[in-house]
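Both complexes below contain subunit A, partnered by subunit B and then by subunit C.
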Partner chain A sequence: MDTKSLVGTYNKKGQKIVEPEYMLFEAPRTQEFMTGSEVVKEGIRRASVDVSIAYPITPQSEAAALVGELYVEGYVGEYFRGENEFAVMSECAGASFGGARVFTTTSGPGTLRAYENFPMWAGSRLPILINVMVRGVNSPLSIQPDTLEMGMILETGMLIWHAETAQEFLDFLLAGFIVAEEPDVHIPIAVCIDGFFVSHTKDMVMLPPADITLTPYDPYRSPVPCMDMEVPPIRMMRDPFVMKSNYISYATHASWQQEVRAACERSRKHTIRLIGGLIEEERTDADILIVSSGTAVAQGREAVRLLADEGIRVGIVKIKTIRPFPHEELRQATKNAKLIFVPEFNVAGWMAREIKAILPDNERVIAGPHVCGGMTMPPEVIVKEIKKVLAGRKEAVHG
Partner chain B sequence: MVKYRVEVGPEAYLPPSAACAGVVLPDPGQALIAGEVVHEDVGMEEAARRFLSAKIPTIFPGPLVLWNWNEKSVKKATAIKAMYDELKAHNPEALLIPMPDYRPKYPKINPEVEINPNHPNLTIWHNKIDVCMFVGVHCHQANLSLKIIRGGTNCYTIAMCAQAGHEDAMLTFRDATPDKIWMLVEAIKDVKKTL
Partner chain C sequence: MDKIKINDEFFDIMPPEYQELVEEATYGKEDRGWKDVGVAKELIEEHSLCAGCPESIAFRYVLACLPNPQDTVMVGSTGCTSLVFPHVAIHNIHSLFGNQNAVASGLKRTLALRFPDKVKDVVVLAGDGATVDIGLDMTLQSWFRQEKFTTICFDNELYANTGGQESGLMQKGFVGKMAPAGKKFDKVPLPEIARDSGCHYVAMMTVSKPNRVEKAIRNAILVAREIGPTYIQLYTPCILEIGKQMMEGLQEMRDSEGPGKRFEFKEYISDEAKVFLDEVDAERKAKKKALRAARA
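Right, the complex of A and B next:
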């Protein structure tokens, strides 16, 4: 089956199957007022999803329940609640091994409980889309937004995209399936949003029509054998055991790990095409920049407005993809900057570390301000941090 | 920064992945030679020259063309056999060694009759292969194998890919169809006339 040949045909719900480019860029859109959780429902309705499995955990529970409604309506082929997050992600793997387009959601402790599955997904080249609605991890208990768990999944081999708004979230969901399923990519993708700030807050979202849907997943374009019990040889293994204690097996394993990272790199081309690049930038000719991802960028925008009222000019760089990390894009975007502030919703400051690792003259990078455990980050906190650093600098910095 | 080139090995104990070293796959109508994008026709001619000048040119057909999956597989297999026949007519040392599946072979592979993506170097070393082509191999297994070959052997690798190509090969084509494989057969014939 060639799914491209399905373009123009209709699925069992009467939705017309369209090219991703049409869905993302050409289809007429209407404005709706909805939460991020509702965005999940509408995104999945238009995404030809075969299987969705989840286990409830705040704040993603509502989104998973709404996908269940789509199953009842007939838009999702199979849907159920698993025993726990580890079981859920294992079941997602099974569905994907069998050629299904798979969607799941998780948050905080659920992400950590499932953790082992993520590198297994990547190593098996399973293009599962997981929506991570980030929150605090215990202890102490917090269900409010905190991006620490994103730092914990950086090296699992998945693509990692971070949406700032509900609109961006919708577009990332739709584009995420397509990028992840490209034959030269074909690894899982984590589409992250900040729980509650995006998942439970209503925002204006431009929706494509509900009577169109993405092309289905084509497992026969997979870079690894699709399990097909109808066509011989049926026992072709996806993940051969390379556990012998000798050089040959070690070299195979190392090459395999490299190939997963290579797949992440290959996604750059497709990402640029479908979501307009790995970063977005505004006024990057300014001496001062705020660089971050997710709703830290949104708060940064407000801080920029407040600073502008005081005659201080600050630019913005929004990081949209964290894996692959936008190395070259950031180098170019920050080449004029004398100070780079990285506000983050986590105690660790992992985004600042990622940025410092790739920039020349990385003393320019100020890690912070930070909040964590579910605290909000008032824009005034960012303003205060910038002004404090400016006051302490001997070197003149001009906006 | 010096641009990374995908050259004949042995390159290193563990060479980098070409994609992680900045090599980008070709677009439709293009090929890659040593990590540089060229027109597909240039790639065809280069592949033909490499094969015809090799001491032991070898084709490694993979599961996608070895097994009778569908009509396209049959057509590809026919074209690959024709390519092998053309090479054999020119050089009796030419080899056609299948990659029937992807399981590691323990305790030992028989390198005269098969290649396996998990330890391709054993077959290449045993047969002293200096130019080879991967065709009909799933992309993941192909790239896995091509990295190991580049790391530990002096074999020039060519990859004919039905999808987006394999940047870990010294020369790669994308969107391989039966017609494209026949194009390479014709390129071999044309270059042969010039020798």
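Right, the complex of A and C next:
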């Protein structure tokens, strides 16, 4: 099946199949006031999703349930509640191995329970889209947003995008399927949002019409065989490398790991085409920059306003894709900065570590402020952190 | 059925295994069965199990008895069996340890969605650790959900691949690694649990009698295709861990299948499945009769 040839035809729900570019940039949009969970429903409605498997956990339960409504309405081919997140992600794997476009969503402890599957998805080149609504994972129990779990997904081989707003979330969901499924990428993607702040608050969202949908997934564009016995099988190998020789095992594993990571890097061109750059910049000629992702950026913008009132000029770099990490873009955007603040919704400061690892003169990077376990990040906390550091370095930096 | 073809210009550069697969395959052959093991090696030729391991012959029987290999996808799990799957010439998935019934659930539903007018069989084949211990919830839940595929457990009564640790299917009192004072509880009665959990065809046996294995495999796959989940438990002793020689596997199985023994033949068939299997049998007999009449 050539999915391009389906463009302009209608699916069984009467939705017209359109190119992703049309869906994202050209289709007329109407304004709706909706929660992030409702955004999931509207995104999936327009995404030609074949299979979705669900398990409840706060704050994603509502989103997973709304996808169930879509199934009853006939927009999703198959849907059920699995027995736990590890099983759900395994069920998603089976569905994807069989050639379906697969969506699921999870959160916090659910993400960790599912974890073993993520590197397996990536290694098996399964372009599953998982929405991660981040929340605390540690004890004592918390259901509040915390991006610690994103830090734990970093090295699974998956693409990771982090949306700041409901609008961006919608666009990331739609673009995410397309980028993840490109034959030169074809790896899973985690589209992350900050739980509650995006999932549960209402926001203005510009929606494309409900009677159009993305081109469906074509399993035969996969770089690895689809497990449906439609292409001739073969006895794959005489000696399973896992047992035969350490050298063969090493060579196979190492080259495959590199290939999965290279696939992640190759996603850049498609990502730039569909969601703009990997980062967004505002006033990056300033000496002081705030660099972060998700709603920490929104709070950073408030802090910038407060600081401007005091005559301190601060710029912002928003990171949209955590994997691939925008190395070169960040180096360019921060080349004039004397101080780089990285506010984060987690205790570990993994984002600051990522940034420190790739920038020259990385003593410029201040890991903080941090909030964890669900506090909002009051802009005043960011302002305070910036002023504290400035006070200590008065001579060096002129706000 | 369309046979697989190789473009003439490429024929001589294809690996010999592949040429053979194309020329000799029994894909599409009705009434394939265990007797094809000696001649049809296209589905499995070599294996990397220990010499004499009963899993190797069990594997061959299973593959030779698939009613529809050209449209069957298998799902495995980590364990000794995962060393065999790379040699198997039908699509097979190894994802993780214990999640095989979950993977198969997603797979079967997707294949049903994508190929509504075609039979696509899904068969799970995994060890007892994967089926009964780490994966037990996923095994059972797939049965509760009435997923339409067959689960086959190679019961060697221990975790062989990691060197002989205690398994839920190990017999009580057996001293195994991680059961240093002997296993404390009885062999988990999975066939009974399978029946009560909604399996429509359940069989437990050794692989010492190929006719019986063949019949069970065919029944299980046909019932799963038409009605709902099915389960087969095959005793495939780990000769290495129980200290037997490579020629002793067959005898070990025979010794364990007599009346009152651990692997006395068991079969449960739901009423629905019984009706269906009777129809299948009647059809097959009528076909044979017609064939004989035509020849006479």
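The rule we apply is simple: the second predicted complex is superposed on the first by the 382 of 399 C-alpha atoms of A that agree within 3 Å, B and C clash if a C-alpha of one lies under 4 Å from a C-alpha of the other, contacts with A are read in each partner's own complex, and residues count from 1 in each chain.
We adopt the following convention: a contact is a pair of C-beta atoms (placed from the backbone, for glycine too) under 8 Å apart; a residue touches a chain by one contact, two chains touch by 3 or more.
In this text, all values refer to a predicted model and were calculated from it rather than measured experimentally.
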| said: Quick check for you: in the superposed arrangement, does A:96 touch first (subunit B), second (subunit C), both or neither? | reply: second
| field | Dominant contact partner of subunit A by residue count, subunit C or subunit B | value | C
| request: Tell me which partner A:248 touches in the superposition: subunit B (first), subunit C (second), both or neither. | output: first
| Of the partners subunit B and subunit C, which touch A:87 in the superposed model: first, second, both, neither? | second
| First (subunit B), second (subunit C), both or neither: which does A:67 touch? | neither
| Can A:50 be said to touch subunit B (first), subunit C (second), both, or neither? | second
| task | Would you sort A:221 into first (subunit B), second (subunit C), both or neither based on which partner it touches? | result | first
| said: One more residue to check, A:266. First (subunit B), second (subunit C), both or neither? | reply: first
| task | Would you check which partner chain A:275 touches, where first means subunit B only, second means subunit C only, and both and neither mean what they say? | result | neither
| said: One more residue to check, A:377. First (subunit B), second (subunit C), both or neither? | reply: neither
| said: Can you give me the overlap between the subunit B contact set and the subunit C contact set on subunit A? | reply: 225, 232-233, 236-237, 240, 242, 244
| Parts of subunit C lying in touch with subunit A, wherever the complex brings them together | 4, 15, 17-18, 21-22, 42, 44-46, 48, 70-73, 75, 82-83, 86-93, 95-96, 99, 102-111, 113-115, 120, 137-138, 141, 145
| task | Using the touch rule from the top, collect the residues of subunit A that touch subunit C in their complex. | result | 50-51, 53, 77-78, 80, 82-84, 86-88, 90-100, 102, 116-117, 120, 124, 219, 225, 227-229, 232-240, 242-244
| task | Within their complex, state which residues of subunit B touch subunit A. | result | 14, 16-20, 24-25, 63, 67, 69, 101-104, 106, 118-119, 121-122, 138-141, 143-145, 147-148, 151-152, 163-165, 167-168
| Touching subunit B in the complex: which residues of subunit A? | 125, 182-184, 186, 221-225, 231-233, 236-237, 240-242, 244, 248-249, 251-252, 254-256, 258-259, 261-263, 265-266, 268-269
